[in-house]
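Here the structure is laid out as structure tokens; the discussion comes afterwards.
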Amino acid sequence: MRITRGFQKHPAGSVLIEFGDTKVLCAASVTEGVPRWRKGSGLGWLTAEYAMLPSATNTRSDRESVKGRISGRTHEISRLIGRSLRACIDLRALGENTIAIDCDVLQADGGTRTAAITGAYVALADAVTWLGAQGKLLDPKPLSGKVAAVSVGVVDGRVRLDLPYEEDSRAEVDANVVATDAGTLIEVQGTGEGATFSRATLDVMLDMAMAGIAQLVALQTEALAAPYPGELPG
Amino acid sequence: MRITRGFQKHPAGSVLIEFGDTKVLCAASVTEGVPRWRKGSGLGWLTAEYAMLPSATNTRSDRESVKGRISGRTHEISRLIGRSLRACIDLRALGENTIAIDCDVLQADGGTRTAAITGAYVALADAVTWLGAQGKLLDPKPLSGKVAAVSVGVVDGRVRLDLPYEEDSRAEVDANVVATDAGTLIEVQGTGEGATFSRATLDVMLDMAMAGIAQLVALQTEALAAPYPGELPG
Amino acid sequence: MRITRGFQKHPAGSVLIEFGDTKVLCAASVTEGVPRWRKGSGLGWLTAEYAMLPSATNTRSDRESVKGRISGRTHEISRLIGRSLRACIDLRALGENTIAIDCDVLQADGGTRTAAITGAYVALADAVTWLGAQGKLLDPKPLSGKVAAVSVGVVDGRVRLDLPYEEDSRAEVDANVVATDAGTLIEVQGTGEGATFSRATLDVMLDMAMAGIAQLVALQTEALAAPYPGELPG
Amino acid sequence: MRITRGFQKHPAGSVLIEFGDTKVLCAASVTEGVPRWRKGSGLGWLTAEYAMLPSATNTRSDRESVKGRISGRTHEISRLIGRSLRACIDLRALGENTIAIDCDVLQADGGTRTAAITGAYVALADAVTWLGAQGKLLDPKPLSGKVAAVSVGVVDGRVRLDLPYEEDSRAEVDANVVATDAGTLIEVQGTGEGATFSRATLDVMLDMAMAGIAQLVALQTEALAAPYPGELPG
Amino acid sequence: MRITRGFQKHPAGSVLIEFGDTKVLCAASVTEGVPRWRKGSGLGWLTAEYAMLPSATNTRSDRESVKGRISGRTHEISRLIGRSLRACIDLRALGENTIAIDCDVLQADGGTRTAAITGAYVALADAVTWLGAQGKLLDPKPLSGKVAAVSVGVVDGRVRLDLPYEEDSRAEVDANVVATDAGTLIEVQGTGEGATFSRATLDVMLDMAMAGIAQLVALQTEALAAPYPGELPG
Amino acid sequence: MRITRGFQKHPAGSVLIEFGDTKVLCAASVTEGVPRWRKGSGLGWLTAEYAMLPSATNTRSDRESVKGRISGRTHEISRLIGRSLRACIDLRALGENTIAIDCDVLQADGGTRTAAITGAYVALADAVTWLGAQGKLLDPKPLSGKVAAVSVGVVDGRVRLDLPYEEDSRAEVDANVVATDAGTLIEVQGTGEGATFSRATLDVMLDMAMAGIAQLVALQTEALAAPYPGELPG
């Protein structure tokens, strides 16, 4: 796994995360104002959008902007990323401003949503640092912890971490787990793909997921310890 | 909880499920043919759509057909219902035909998606019986087991089953669990709503969910034991 | 014909109307504000939306929210319901508030639009009573009369009232008539379906329609004479 | 009223109809094939689309193609025109081909839908002649009669034919009547605009409408008696 | 080429331009306000929309409002017309008001976009005169010059002006040139259609285009020298 | 300027082109079949889509898939890229297959469309090589020459090549030129941005553009001379 900070120059945080052959570009942009339903609350907001380049997949996929609508899968993952990151940030600190997370998959080989969450956290951390440097935070430390995510699957009856696409597509059970550096859970999604699974299998999957997340958090910590590469956005 | 079979006369299966103040109309319609990507496979398909009447909610909600697009939430729940029911049916038995599940919420007071799955299973069972009576099944018993679903939440630090809307909207943790009559899992979705949760809490939630599902399965069994009310669709 | 008031608990008026095998759920919800073009006028508004559940028809119909657009037929009927009910209410009494009428067909067997109007009037009357009880009416009696509707058709050369679907689909002439309890007309729509018709036939159709409407008004009056079932919405 | 045939060179029939300050361009184009639901029937089809140029109205109206959706009013009128013309043509004569009627309002001053029907009939007659000349008709005389339409309104308590926009917009009752040269009805649509009306008023309106339609039919006959202006489309 | 001013009565300027068999109706409507991104600037705006009637082309084309989206070609031409006319007007003179240009092709036979620009300039000039007469201009002469456009093509190796559709569709190179009465360029678009072209060819095309534009400007001047036909819009 | 081939592993050609601070990912994917209107012709097709990541721009831009429609600008550039590349390839060589070009802007700082064309040519060349290696070309050398593009602008009265965004946004005249390695033109688009320009200025712009394109072609040649980095797609 590799995390490259400062991949783009415009957003307040921009991270390229590579995970096997999966590459996701995660950006955190600060925009003024909040959605209408939140106006006047004094609170900020964090929203996320996930998308895949047509050329990212094994067979070229249609462009959702051309089709004129977003698929259910895209909707679902965008919402998952948003929920996961909102669990670690105190939105009061932003005032009525929004952090927009964009996760664009440049190359897909399984685990794109969990890579997106893990990379997006680092971009978010950089955006928060930038906001602090601009004097725009009402609370100097709005992040309550780190957030990372892994996928776990059962293939041929064995539990495995972070399946590449070829194995993922024939997994009997598939789970995505989002957790914090404190080891608490944010989201657990386990699905039998045409099969069912026992509580015991779920427990093994969760054990393996938590161990994987601990490793990812270590990599996030290491990546964020380095100085910001290049100049900070204006 | 109350299950009324044969609520509508046209679909092969039609169930009104009432769960506290939540009322969901679940229909299973048999249509010829399968989606394009499945043509020529010889396999059938099962698909599901979930929707809410504008008048079902406390405050009237906008009609998605008028807005011209389906929300992420609607997409997500429709996909969940479809996945859950596909886990209990052998689609080879249908030949190249489709069962379309429609879950329309007539009144909402929490737990609409889990009520929808629980009711839709009964409608599906009736549709399968109807298909058998029509001599249209390649395998006489395509259902491998019953499927039911519950929601579990943590409110004010206590784990609770099937929260009504007022409590659900302030739950700290929210989980939906889909399982079979054999006690195996089909889907587990647990989400911290602005909070995180421990493995221990997840375990308590799952225990309570499995107990709730056992009760629902008993009710499904009882409902399906009665003769079909009224005449079967043509 | 059967009228069940208070079918849903959230809207200010909610009526299930059953007419042969046709079942329409009619809700009248009160929402704050008026459409943009009416702002500042001091006047209220009444709008209506009609829809059919996919499972309501003999053969499952596609969901308009999924198709992303509303059919011409849906548009036309929604507009007809709105016009018909606006003819009997003094919108000045509402202040700048809107009554949204939702007519959702749960089961279709001919005459869904006329059943919808007849049921929606009762839901509207309940919503007006509720508004009065809340002290939100500028005029205590904004309804100038009752409104009901019937369809009339010519099948095999004979004029018939309220055709079921099987006969309606082979009618040579089809008319929908909306009228008041005072016997005056609100809307007359007569259409030759691949045939033409004489003034004399139109007269017979209108006679029969007016007689049918008088019966419906009697049923509305009876239904509204009973006390409201269950508790009124908050 | 003025009817100009052959206004455009490409369609098989093209008529500019002027009615007071209302100007509608009506074209009848022949296209191969029929809609999917009609394939294999051996029958032809006739469809109609109505639209208004943004610059046709007193205040510029938004372009429906830019808004990305067609209004309910546009839908309704398109369907009315199609139904009206299908009442006078034997679609078996076309084989599996379609006549597409396009009515585009170049300038609007009341009565656009009835002018459209009246003009479209003439364009249709020219298209049928053209089809005959091309040897493409299975029956040499597929038109069973002429079709024309008028609007009638009640303004300040008086029944009036073909109201210009200024009067139409304050009419208490508004009716559109489509009829044949034989004096039989195809469509009657009478609407109280915030008012109701008696059977007696409806009768006066219908009398006046039928007289107006007789005059229009005479003008159509006269226009069609002249030779086709310019060369026929290829 | 023929220019008919005052073709419609509602817009401030309305011109029918005929160019061979191409007929384009160009309207300039004045509307209050400016797009959101321009509010508060004190500046006016000019926008343009281009469309083709379905019946305008050799084979009937689908209606973009029915398809629910505008084609790339329509977008491109609309933007070109807007840019071209904005090059000749000082938008400060309008205050925060918008001139909306609508170019609707009634009949197409090549060169519709250049005819549209040439006709739209005349409609714009009339709209500006009307604005002046209404006392609504902050600067009495906001137009800095006339604007006209031609197309030039290379067919069978020869450079030709204003190709009709049949020749245009087999042109090897196609260019559209927009220029002013002072002989300066506003827009040059030259495209090899499956072929490439030399600088020398481009020069010949530009020479021919500039000569054609000079002729068009003379015709515009002549058309505008006549008094406005009929009464000015209210 | 930097060209990185083989940036993605799935498409037959994948190039990251960097041009100042502009970064565009250009992919060429081979898909079976051709658009409907081309079926049965025996000819292949080449199509192109251009898009910008929301995080690519100085201020985050809205995602077109979420808005549900593509802007006019996106449409225009996609069409330009497709036309430009079709000018250099003999589509007969592909049989009835399509090459889909995707140009996704990862970071924008002026000149994204010309960078896209220049990079896409290299991706196309790699895809053609791959097709040849797979034995799927009917003609071994379908590319007739190299294609590159530059933008030229007039800023503060001086003609300049490849303006960065800050200068581009205040250019008085802006031109995009697409040409071949043989020095012939494919596309010339020159636009006065609120200003007009003389033939003499156009000539200076074209001189400078042709010189720039010669340099780009040299870089393309150099990039393509190197062996393909990494393994070729399956």
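Letters are used for the chains, namely A, B, C, D, E and F, taken in the order the chains are written, and counting of residues starts over at 1 for each.
We adopt the following convention: contacts are C-beta pairs under 8 Å (C-beta built on N, C-alpha and C of every residue); 3 or more make two chains touch, one makes a residue touch a chain.
Everything numeric here is computed off the predicted structure, so don't read it as measured data.
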Determine the set of chains touching chain C that also touch chain E.
D
On the document's contact criterion, could you list the chains that touch chain B and likewise touch chain E?
none
Over-half contact-pair match to A-B, picked out of the listed pairs C-D, A-F or D-E:
C-D
With chain centres taken as the means of their Cα atoms, state the distance from chain A to chain D in Å.
58
Cα centroid separation between chain B and chain C, in whole Å?
32
Centroid spacing, where centroids are CA-atom means, of chain D and chain F in whole angstrom
49
On chain D, where are the residues touching two or more other chains?
68-69
Name the graph shape formed by the protein chains and their touching pairs; answer line, ring, star, complete or other.
ring
If you go round the ring from chain A to chain B and onward, which chains do you meet, in order?
A, B, C, D, E, F
Chain C partner, complex, touching residues on chain B are 8-11, 14, 21, 25, 27, 29, 31, 49, 51, 53-60, 63-70, 74, 100, 102, 104, 106-107
Which residues, counting only chain E, touch chain F once they are in their complex?
69, 71-73, 75-76, 78-79, 83, 86-87, 175, 179-180, 182, 184-192, 194-199, 202, 206, 210
